[in-house]
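One chain, chain A, appears in both complexes that follow, with chain B as partner in the first and chain C in the second.
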Partner chain A sequence: MEELTFHHTTRRRAGGTKRMAIIGVVASGNLEVLAERVLTDAECRLDIKTAAEGFGAVWSAVVTDFVERHSPGGLRFSINDGGAHPDAVSLRLAQAVRMMEEAEQ
Partner chain B sequence: MSAAGGQLAEFSAEPARALSWYEASARTRVRLLLDAGSFLEFVGPEMREVSPHLQVFNLPEQFDDGIVVGRGSLDGAPVFVAAQEGRFMGGAFGEVHGAKLTGLLRAARDLKSIPVLILFDTGGVRLQEANAGELAIAEIMRALMEARAAGVKVIGLIGGRSGCYGGGGLIAGCCSGLVVSEQGRIAVSGPEVIETNRGVEEFDSRDHALVWRTMGGKHRRLLGGADAFAEDTVEDFRSATLELSASAADFGIGTLQAEQSRLEDRLQRFGACRDAVEIWEAEGIAGARSVPDLPADQFVALADRVGRTSRDAR
Partner chain C sequence: MASWHNGQKSRDARLEAGTKLARGKIVAARDAARLLEAVLRPGDRVCLEGDNQKQADLLAVALLSVDLTKVNGLHMVQSGIVLPEHLDLFDRGVAKRLDYAYSGPQSARIATMLFGGKIELGAVHTYLELFARYFIDLTPDVALIAAVSADRDGNLFTGPNTEDTPTVVEATAFKDGIVVAQVNEIVDAVPRVDIPGDQVHFVVKADKPFFVEPLFTRDPGAITEMQILTAMLAIKGLYATYGIRRLNHGIGFNTAAIELLLPTYGEKLRLRGKVATHFALNPHPTLIPAIESGWVEQIHSFGSEVGMDEYIRARPDVFFTGPDGSLRSNRAFCQTAGLYACDMFIGSTLQIDLNGNSSTVTTSRVAGFGGAPNMGADARGRRHPSGPWLQAGREADPDSPAASRRGRKLVVQIGETFGENNAPLFVEKLDALGLAEKLGLELVPVMIYGDDVTHIVTEEGIANLLLCRNAGEREQAIRGVAGYTDVGRARNKKAVQCLRERGAIQRPEDLGVDPLDADRTMLAAHSIKDLVRWSGGLYAPPSRFRNW
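The block that comes next holds the complex of A and B.
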């Protein structure tokens, strides 16, 4: 297992008021993303635990692209990865942000 | 929530209930099975109660350890619900996974009046935490029987990709009633386990038709191992669960005696059969070989006619 952490400053806060969302399953080629609204509006953080070691540069590129596209200010993402491909990671992150954009019930 | 708001929420949830039970995740099953917006999770993923054992094996964890537990309402009535995620480690029982279900059943036991729905999707005990997992199975079975003795109905729903095997099959056997779909398989030893231990002549795990007609939902329903048959949609599981919750027998010495005689009768009638088809023929089903091909509505009519379940037993 390898642990990776990424910190980014963001242009704006993530939309919506939802405090927590979870998407995905930890299985081969899949991952789960837990999103929590626990940071200040101008930052985001991703904590990753992955079964596939040695892909730090790929993760860094995927995360940078994600932050650029979605500006998820205020969100912390905790990821358990079962060896997902980069496109699956991007999809799950986008899904997680989309879920957080909903109103808290 | 106002009555109008409730109706609106119900209406908007309905099309989604056409979703395949087999394909849905544990969280999706819970969300769509219960009344819209009613689910409240206990020990949710944000609490990060992960397995203490998996990291020893350098294996990834899941924040909910593969099971979602909580409470909600079903057609307006309160229920406790637990749903296993069959894609995380085959839905297998580990220490934390098991403890969450034990806790839910003990809460139901103490409150006495709220039924429990268990959405099984499991290969059995997680091998990486075998001792803790086996203990968890025993604790769950005890908690389940204590809940039933206190007057709680416990309904199992089986139709996921991992089926209901190993200790999951034992727990299912303790329930007040089971809803199963064609895709839901119920057994203790899985096909590969039987073949490994007894030889391919005893059971050929690669013969999928044999596996399905021995362990699949249709045979379990005809034999009386399951009490209701559902099509592979959330909607059908929901209506079958509502019906079964209302009709399942209360627990007591009379129920146990009725169950004992039901099982004795079954053994006497079918004990010598070597295949499910022989059982269906002995049952007097015309065209027994075509049972696996029957569409759900025709199969439900057949199962109701055969009537091998008893509303007084379980």
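The block that comes next holds the complex of A and C.
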């Protein structure tokens, strides 16, 4: 088990008003992403627990692209990863941001 | 004095030797090996019918057990290397040289045997190419074929898997060769004549039906969200954009996902009747929901698929059927149809390099190419226009005058950036290159050449190679959809951004594809059982696909 943390400044706040969203499952080759709107508008943070060790550089690349494409300002992501491919990580992160864009029920 | 009848004399001698074991044309199964010893000569070219689906398995076993002093060093010229016996022949020395097209189930063993020098390899062909050579320089001396039934005159009924048989028999029977058929039963009258009896010399009744492989059945339960996302990109970015009505699908999970998204996602995009109406395609079970929803007007098939017989029989407006009501397939004609009458081929591959060349040959698997190189090639002899073909031609060459500009077939490679066992889809150098070096091949076994590929679709987006103006742009367009593979991570970000602005790369967000739609609930069927339900109980999946 490896723990990684990434901090980024963002161009703008994430859309929507939802406080929290969760997507995915912790399973082999899959991951669970919890998004919470708990930070200031110009920052985001990702806390990752992954079963696959030694992939820090790929995570860094995936996270950097994600922040650039989706600018998730104000969001903290907690990720439980069961060794998902980077493409699956990108998809889950994009899905989490989309869920946060919805209005709070 | 030169003789002009050597072939006929040889045929007559073989016939005479074989006839001693026959009553009329019928030979008992226990005499099959002796029949083959009688009609074969050392070094003969032999087609042991191994199609995609239908296998002459009894004749394969018989050939394996021949007396090696009578039969040896054969040159096998057959499209499919499917059964273990097909390779056992080389281990035992019955056969020496091989020209083939496809080796799916034996792909690992054939690689080992090629490396071990057990097989003298002619070439790995595409189906149509091997069929063509049957009529020029690889004409079989003897064809060992499979059919469902025969009458006493040798008229054959092949059933829905006609596949290669008419082509193999045509080349053999009309060039003084011998045709031996194994059949499941001998009947008074066949349901329809697929092969006329005067082209068939001997008929052997098998104790059990010939082996059929369910090659085209993809369980919807195994389709991933990533494949769904990739399929949605293809539907919106290609099918809708070009208005593709006439097409061929590969056999992977990516195209199965597309088939299952037509009645859901495709319906949402109001594409019914505008895309995917005419197919050159085996009867894929995953196409049932689209057929039942009124998407598909017509399908011509290379072969059939296990379990689809009754469904096809009940949908003759969609499929080609005989007077007996069952499917009539024909691989050579369907390959020609895919080459000349389809506007798009879309299929998966195992490796793509920086030029867009792709191959399913890896160092441990030589799967062969089957029909992909013909499906996935621009037909230079095509002369009829169509919307997608003209649009692709315009994108490739915007400056030429429209009236004299060639169109282009869309040749699309689709897949996730990481495949099975974490293997990257994109590589700097194809494994096929290494194989060619190791085996001393004159030609690298490339499945689809980069200059024929027009689009590459991954979960990261669509690369439109038609819009790339030089090799550097092509390379960056490919890297730009290669995700987090080494090839993808080595991209020039600025160049990729530039290509995106020109539309040569399109991301899901550029196409308005919502990542939340990449969900299994979008599939029209979630399981094999759902497909049975869609078919009104007509589809009868083989037991290995049943869990109820």
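Here is the rule we use: the second predicted complex is superposed on the first by the 105 of 105 C-alpha atoms of A that agree within 3 Å, B and C clash if a C-alpha of one lies under 4 Å from a C-alpha of the other, contacts with A are read in each partner's own complex, and residues count from 1 in each chain.
Here, a residue touches a chain if its C-beta (ideal position, glycine included) is under 8 Å from a C-beta of that chain, and two chains touch if they have at least 3 such contacts.
Only a predicted model underlies this, so the values are computations on that prediction, with no experimental measurement involved.
Superposition note: with chain A as the common reference, chain B and chain C can be accommodated side by side. Contacts of A:H85 after superposition on the shared chain: chain C is touched, whereas chain B is not. Legend: residue contacts after superposition of the two complexes on their common chain; A:K49 is shown touching chain B, with no touch to chain C. Of the two partner chains placed by the overlay, only chain B lies in contact with A:E36; chain C stays clear of it. Between chain B and chain C, B contacts the larger number of chain A residues.
By the touch criterion stated above, A:H8 is placed in contact with neither chain B nor chain C. In the superposed model, A:R69 lies in contact with chain C only, and not with chain B. Using the contact criterion defined above for the overlaid structures, shared-chain residue A:R98 touches chain C, although it does not reach chain B. When both complexes are overlaid on chain A, the residue A:A27 reaches chain B alone and has no touch with chain C.
Chain B and chain C, viewed from the C-alpha centre of chain A in the overlaid structures, lie at an angle of 70 degrees when rounded to the nearest 10. The gap separating chain B from chain C at its narrowest, counted between C-alpha atoms of the superposed chains, is 6 angstrom.
In the superposition on the C-alpha atoms of chain A, no part of chain A is touched by chain B in one complex and by chain C in the other.
Interface residues of chain A facing chain C in the complex, by the touch rule stated above, are 58, 61-62, 69, 85-88, 90-91, 94-95, 98-99.
Residues of chain A touching chain B in their complex: 1, 20, 22, 25-27, 30, 32, 34, 36, 49-51, 78, 80-82, 105.
The part of chain C that touches chain A in the complex is made up of residues 225-226, 229, 416-418, 422, 458-460, 483-484, 489, 507-509, 514-516, 518.
By the touch criterion stated above, chain B contacts chain A in their complex at residues 25, 27, 37, 44-46, 48, 55, 58-64, 85, 87-88.
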